[in-house]
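Here come two complexes built around chain A, the first alongside chain B, the second alongside chain C.
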Partner chain A sequence: MFSQLIYKLMYSIVVLLMVIITVSSIIYLAPVDPTRLSFGQMADAGTIEKKKERLGLDKPLPVQLMYYINDISPISIYRTSELSELPVTKSALSLSSTHSLVLKMPYLRESFQSGRKVSELIGEALPKTLILAFASLLFALLIGIPLGIICALNRDKMADRAIIAFSTLGVSLPSYIPAIMFAVFFGYVWSSLTGLDVQGSIIELNDLGNEEIRIRNLILPVLALGIRPVAMITQLSRSAFLDVMNQEYIKTAKAKGVRLVSLLYRHALPNASITIISASSGWLATLIAGSYFVESIFNFKGIGDLTISSLTSFDIPVILGTLITVCIFFIIINLVVDMLYTKVDPRIKVN
Partner chain B sequence: MDTLLDINNLSVSFNNGQSNVTAVKSISFQIYKGEIVCLVGESGSGKSVAANSVMRLLDESKTMVIAERMSFMSKSGECLDILQLPKDKLPGLRGQEIGMIFQEPMTSLNPVIKCGDQVAEGLLIHGLESTHSVKDKVLELFKEVGLDDSKRIFDSYPHQLSGGQKQRIMIAMAMACNPSLLIADEPTTALDVTVQKKILEALKELCRNKGMAMLFISHDLNIVKQLADKILVMFKGEIVEQGSTLEVFNHPKHPYTKGLLSCRPPLKTKLRILPTLSDFIGNTEAKKLISNRLPDNNIITRQEHESAFKSLSSVEPILKIKHVTTSFTQAGMFFWNKKKVFKAIQDISFVLYPGEVLGLVGESGSGKSTLGRTICRLLDSESGSVTYRNIELANMPENEFRVFRKNIQIIFQDPYASLNPSMKAGDAILEPMIVHKLCANKQERIEKVYSLLESVGLPAESFHKYPHEFSGGQRQRISIARALSLNPEILICDESVSALDVNVQAQVLNLLNELRSKFNLSMIFITHDLSVVRFICDRVMVMKNGRLEEIGTVEQVMDNPASDYTRLLLESVPE
Partner chain C sequence: MNKQAITFKSMPFNMKVAVGFISLVLLFAIAGRFIANDVPIYYSHKDWKGFPAMNKTSFLAFKQKNEDVEPDFQILPLIPYSATSIDYKHSLSKPGQDVGSRHLLGTDTFNRDVLAGIIYGSRTALLIGILSNILAVIFGLFLGSLSGYYSSVGVVTGRQNFIFLLMIEILLGYGLLYNPYVSVYIYNTQVRLLLFFILTILSVYMLLRPQRKNFRLDIDLLITKSVEIFQSVPGLLLLLGISAVTGTMDVVKLTLLVSLLRWPGITRLVRGEVIKVRQSQFIESAKSLGVTDWRVIAKHILPNITRQIIVAFAFGVASSILLEASLSFLGLGLPPDQVTWGMLLSQSRTNPAAWWLAIFPGLMISLLILACYTVGNYLNNRTGETSSKEEII
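Up next, the complex of A and B:
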């Protein structure tokens, strides 16, 4: 079990490295000049050159890339003279008179726009996104699986057909459409009834200028974000339960005198969940991709919102920082799913 | 004696939307307390449907169950009308009053729940044990059904156990609550003969000790001979004959029963032609024609067969296998390295003469299928040589081997799975000829398909039918025609008749025997059934755990077995 985890972690690091190289190459190669974006069309060449030099954008692309990877790697090499400028916790080992080997926290650089540290920006945004994602995940599972069971038990009857029709609609709607519709109807037209706002994050400044947690701002984003995963899980668990309920061991359990509720809960669910878990990369990806739109629409200041706003100003360190964060998030989820898999299905040997 | 289960005029029909299919046609029978009743019939005769309706396990929205009377005497002496029982009373009937064992121990246990917990569940549901004492009771049950090492088995998941062990767990589960009736639906069909024998003995002993009645369902009359007090023979949804075991075996009244009794090849004697059901059922004129088919002197004596084999083996062998070993591999930690897992066959050597049928017997896992697949290169051997007419096949590159592939053809076990459901029978037979560019043109190929269909006994219009329109036996005939379309010299039959009913099995065996002399085929006949070996094979090879145990003519091996293992196999065959 433990060696398995180590092996998977090593694999994940390779994947992460590939992602960083690919994504940062694309971003650095893009024909966009971040300095132009920050000064506008009217800036004189001298100012722009100066800014470029300061940001290191005047160097050849491979060199820029090398420097970036050196910055984000926990083990890196720096000029000893530059060490004091590195704003992260570190311990250095002198290699030669000019260079040092540094063991440090990954340094994600500073935002071109605000000048704040990218790690700080992500640190503020990530918890909000995590709360949104897990709330939507829970919502999707708690609604999707029971709906799937209802469908499977009433196969081809009215209830089944109605639910399937709605879930087909849910799967085919991109998540920004329900997001906009919910925002308009529940946040604006019927806001006197629902008491919800069109936009808002989970942490907002109140009239006195203090930070305040507003759980209700989670409701609409979770609904909008959860709709597609709910629909997908409904269809997945419907077919999983239809399959499982026809298995011989369900007949055995019936012949033993097991009643319907424990038949579903004890005998069918664990087996059906194998199918749902194995398809999880599909619906989890939907969830994350949807969060970009949903956060942007509701002005829910999470990772998605941060990515979109950094893209519009081509704030390279923030773009890369958020993408790497999402990538790590996915890798962790995949690790958890793999572990869960061996937990649910004893036939999969941990080897 | 007290009547336990009383069924009078039970009919079951399925409604699939458009049409009604009646699976069980007004059957009546009684089971008395402590009696072992065996229900025998072919697949599709409605025997499982009848058994499931006793437990109300059929999908009630799609089936119609009518009975004049279907009553069960409960333990408390109450007479339950099964069909009128309200749904919430059913769990009380199931498990507690009637226990059930199913055919496939592989799929009948829940793969994600520990075996011990699955057995304990029944006891807990019916409130017979408390959560503290239930484990001891389950361990005790495991001992009763002959599971040693019961503590380890309690904590095992089904996939960690063998088929025989799983079936014993099923038995423990079915009798956990001391039901007064046990329904066993083909409980030994999926098991090896040696295991089958032990399970049958265990079932019989448990019933006798506990005074439990049993309804035992089987397609094989020979199995039930040792077991049953009373036999019911079912044919096309009706019970055509019922009586005590002695009566049914010694004086079968219905022609169907007579047929069933004689369709199975005998273990001790070699026949020229196997009788089939049509020799017993049908109008008298057809019967006259057919009975001429069976020669007066239907038994081949030992001397006769041995001299025939002598002339067969006087020529150069067509196939020589020398020291062949095949291993299974599994992907290692990294995608480029392979781990060797185990040797499925080890150091096997034998020869095959032209026109000979060599039987390959052994229990599941003995490596007999692996050997068959290695010979026709569906699996690659690790070492050793396979020589066909002085040409070495084992290490030949795949593109060169393609030319020889048509000379060695294989017929698989499951006629349902080995035909492409979206391909017409004619096209399925045509395809290999196109691949290997046989015959001059399309017209000739199609003519050949018609002649092949005729030689396997299928009507010409079968050409344009899809696999689902055929019965199991007919499908196996299509598979045979497809294999023969390439004019192979060697035919490998991998359990080709095992999935078939005795009657169909007899027809297919007769067909193979006919085709063998017609096309001068050499065959490697893989089977677990020794009676089939006696009928069709010249020589037989016994395998155990991937190694050769014994090889010799059918008479040598089966009448004077040299190895203990062969003797054990022979003793396990029910007579």
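Up next, the complex of A and C:
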């Protein structure tokens, strides 16, 4: 199992490298000059040339890519004279008179626009997105599984039909339509009743200029982001419970006189949870990556908002940095799910 | 597999509704300019006679010359606004605010009629949804059948062919996409990309030409790994990244971008289906008769997997429409002078009081997607063996 994990890790590093190469070659292909964007139209040619030279944008694309990969990899080679300019924790080992081997934290470079370090920007945005994603997944599980159980217990009755109809609608709705509806109705029209705002991040500046945590700003984004997962998990858990409830050991447990609640949660849920886990892990990945709309509607300053603002200002390091972060999360979640499968269902062997 | 023809009568109720809604949108897309337009459909006068909705510029020139001319006969469209016509008096007016004005669904921030916008936007939605999937299916069929057909053996080819192909690819890739001197002559990035794709497909064909064969190329491994790489990136992120850098969008660019996201799924599906069919007896007998590989794929395998591809197409149209709407919603889609549903919807972000901008375009997007899903599900259930929905999407 351990060797499998190592193999998968190596493979995912290769995938990550390919992703970086593909995306950055597409991005560098664009006929846009980021230095021009950062200085404006009135900048003179000398300044722009200097900035270009400093950012390495005057070199051909393959060279730029090599420099970038050298920067983000933990083990890298630098000129000894450049070492003092690297703003990350590092330890160097001199290879020759001019070059040295460096062991360092990945350096994601600095934003063209604000001049801040990309890792700093991502470090501010990522926790908010993670809180949002986990909260909405939790919401989806807490609502979706009971709804699925209700459906499975009342199969083909009125309640089942109604819930299935609503969940079909929920699956086909893109996340920004409920988000906008919620923002308009709960945040604006009925704002005096609900006491919620249209926009707001989880950490906001108050009137004194201090940061404060506002949990209530999380309610509407979680609801909006959770609708699709709720619908999906309802349908999945319905079919999973229908499968399980027809099995012999459930009949035995019923005949033994087990109460309904413990029958569902002790006996049926573990076997039904395999499909639910696989679905919800997929959803976690898409929630982390795909919360752009919800974040930009509610002005929730997470990864999605950062990505979109960097895209509109053509901030290459930030675009690549957020992309790499999201890809790493994709890979980590897939690895964890693979491991989790074998824990939940010992019949599945890691292959 | 039941070969029974699909008739409208034999469909279940929800399928009838879905087909009805799709035909309504199709009608909007085809005949939108006759339903909503700021010029009459038919205009008859002794100086100018014809259909102003078809050639607007000549009619407007005529109108400019002689301003207050009474026509002998004219047919006015149902809605007297086109999507881009600006009503200076009504900014963000509610649906049916004044009895005199005929903004049935209100106006948007640019003083344009929402109903006309919805009618004109259906053209963009359907065009991108269908065209991008046609492209993706062509690409996916090519790659998927190659990878599925040669999955166990690999392509046997001449070594010199393979080296030739590699060199051509590197030269083409560098020359067409990154070389500044070439880009001076072929300025249009789309043309360069198109040339690159055509020459790539040609060079893959070159790889298979009969020659001294001494080299086994595992084409399946190459294709499946590239599909895997494409699928390991969150698709929307990739689309956002590319669309932000390609400059001003048009329908062709957007179609290419959306199909870029669709081909990996279809390639995977086709590969699986081809592998399933390849093991049957009739393929073996065709091969033993000496039928060439291309002919086996085209004449014997592809007719057997058309149903699955049609199902994937129906689901794919839904997700392409969703992608297009998402991009316009974020302001990275088509420019604002081309009205799309996503763009109308995105205006409600800045004007929370304008609920009609949120509800009507949102309803259209979700209903069209729902209809496509319904059609896909229906066709999928008819094929007998149901493949899981997740896999197709």
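Quick note on the criterion: the second predicted complex is superposed on the first by the 316 of 351 C-alpha atoms of A that agree within 3 Å, B and C clash if a C-alpha of one lies under 4 Å from a C-alpha of the other, contacts with A are read in each partner's own complex, and residues count from 1 in each chain.
Here is the rule we go by: contacts are C-beta pairs under 8 Å (C-beta built on N, C-alpha and C of every residue); 3 or more make two chains touch, one makes a residue touch a chain.
What you see is a predicted model, and the numbers here were worked out from it, not measured in a lab.
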Partner chain(s) touched by A:181 [first = chain B, second = chain C, both, neither]: second
Which of chain B and chain C A:270 touches, first, second, both or neither: first
Touching partner for A:172 - first (chain B), second (chain C), both, neither: second
Partner chain in contact with A:253 - chain B first, chain C second, else both or neither: first
Which of chain B and chain C A:15 touches, first, second, both or neither: second
Of chain B and chain C, the chain that contacts the larger number of chain A residues: C
Residue ranges of chain C touching chain A (in the complex, touch as defined): 177-178, 189, 228-229, 232-234, 236-238, 240-242, 244-247, 318, 322, 325-326, 329-332, 345, 348-349, 352-353, 355, 358-359, 362, 365-366, 369-370, 373, 390
Chain A-touching residues of chain B, taken from the complex the two chains share: 55, 57, 90-96, 99-100, 102, 104, 107-113, 121-122, 125-126, 157, 159, 170, 173-174, 177, 333
List of chain A residues in touch with chain C within their complex: 12, 15, 18-19, 22-23, 25-27, 29-32, 60-61, 168-169, 171-174, 176-177, 180-181, 183-185, 187-189, 198, 282, 285-286, 289-290, 292-293, 296-297, 307-308, 311-312, 314, 319, 323, 326-327, 330-331
Partner chain B, residues of chain A touching it in the complex: 7, 247-249, 251-259, 262, 266-267, 270-271, 274, 344-347
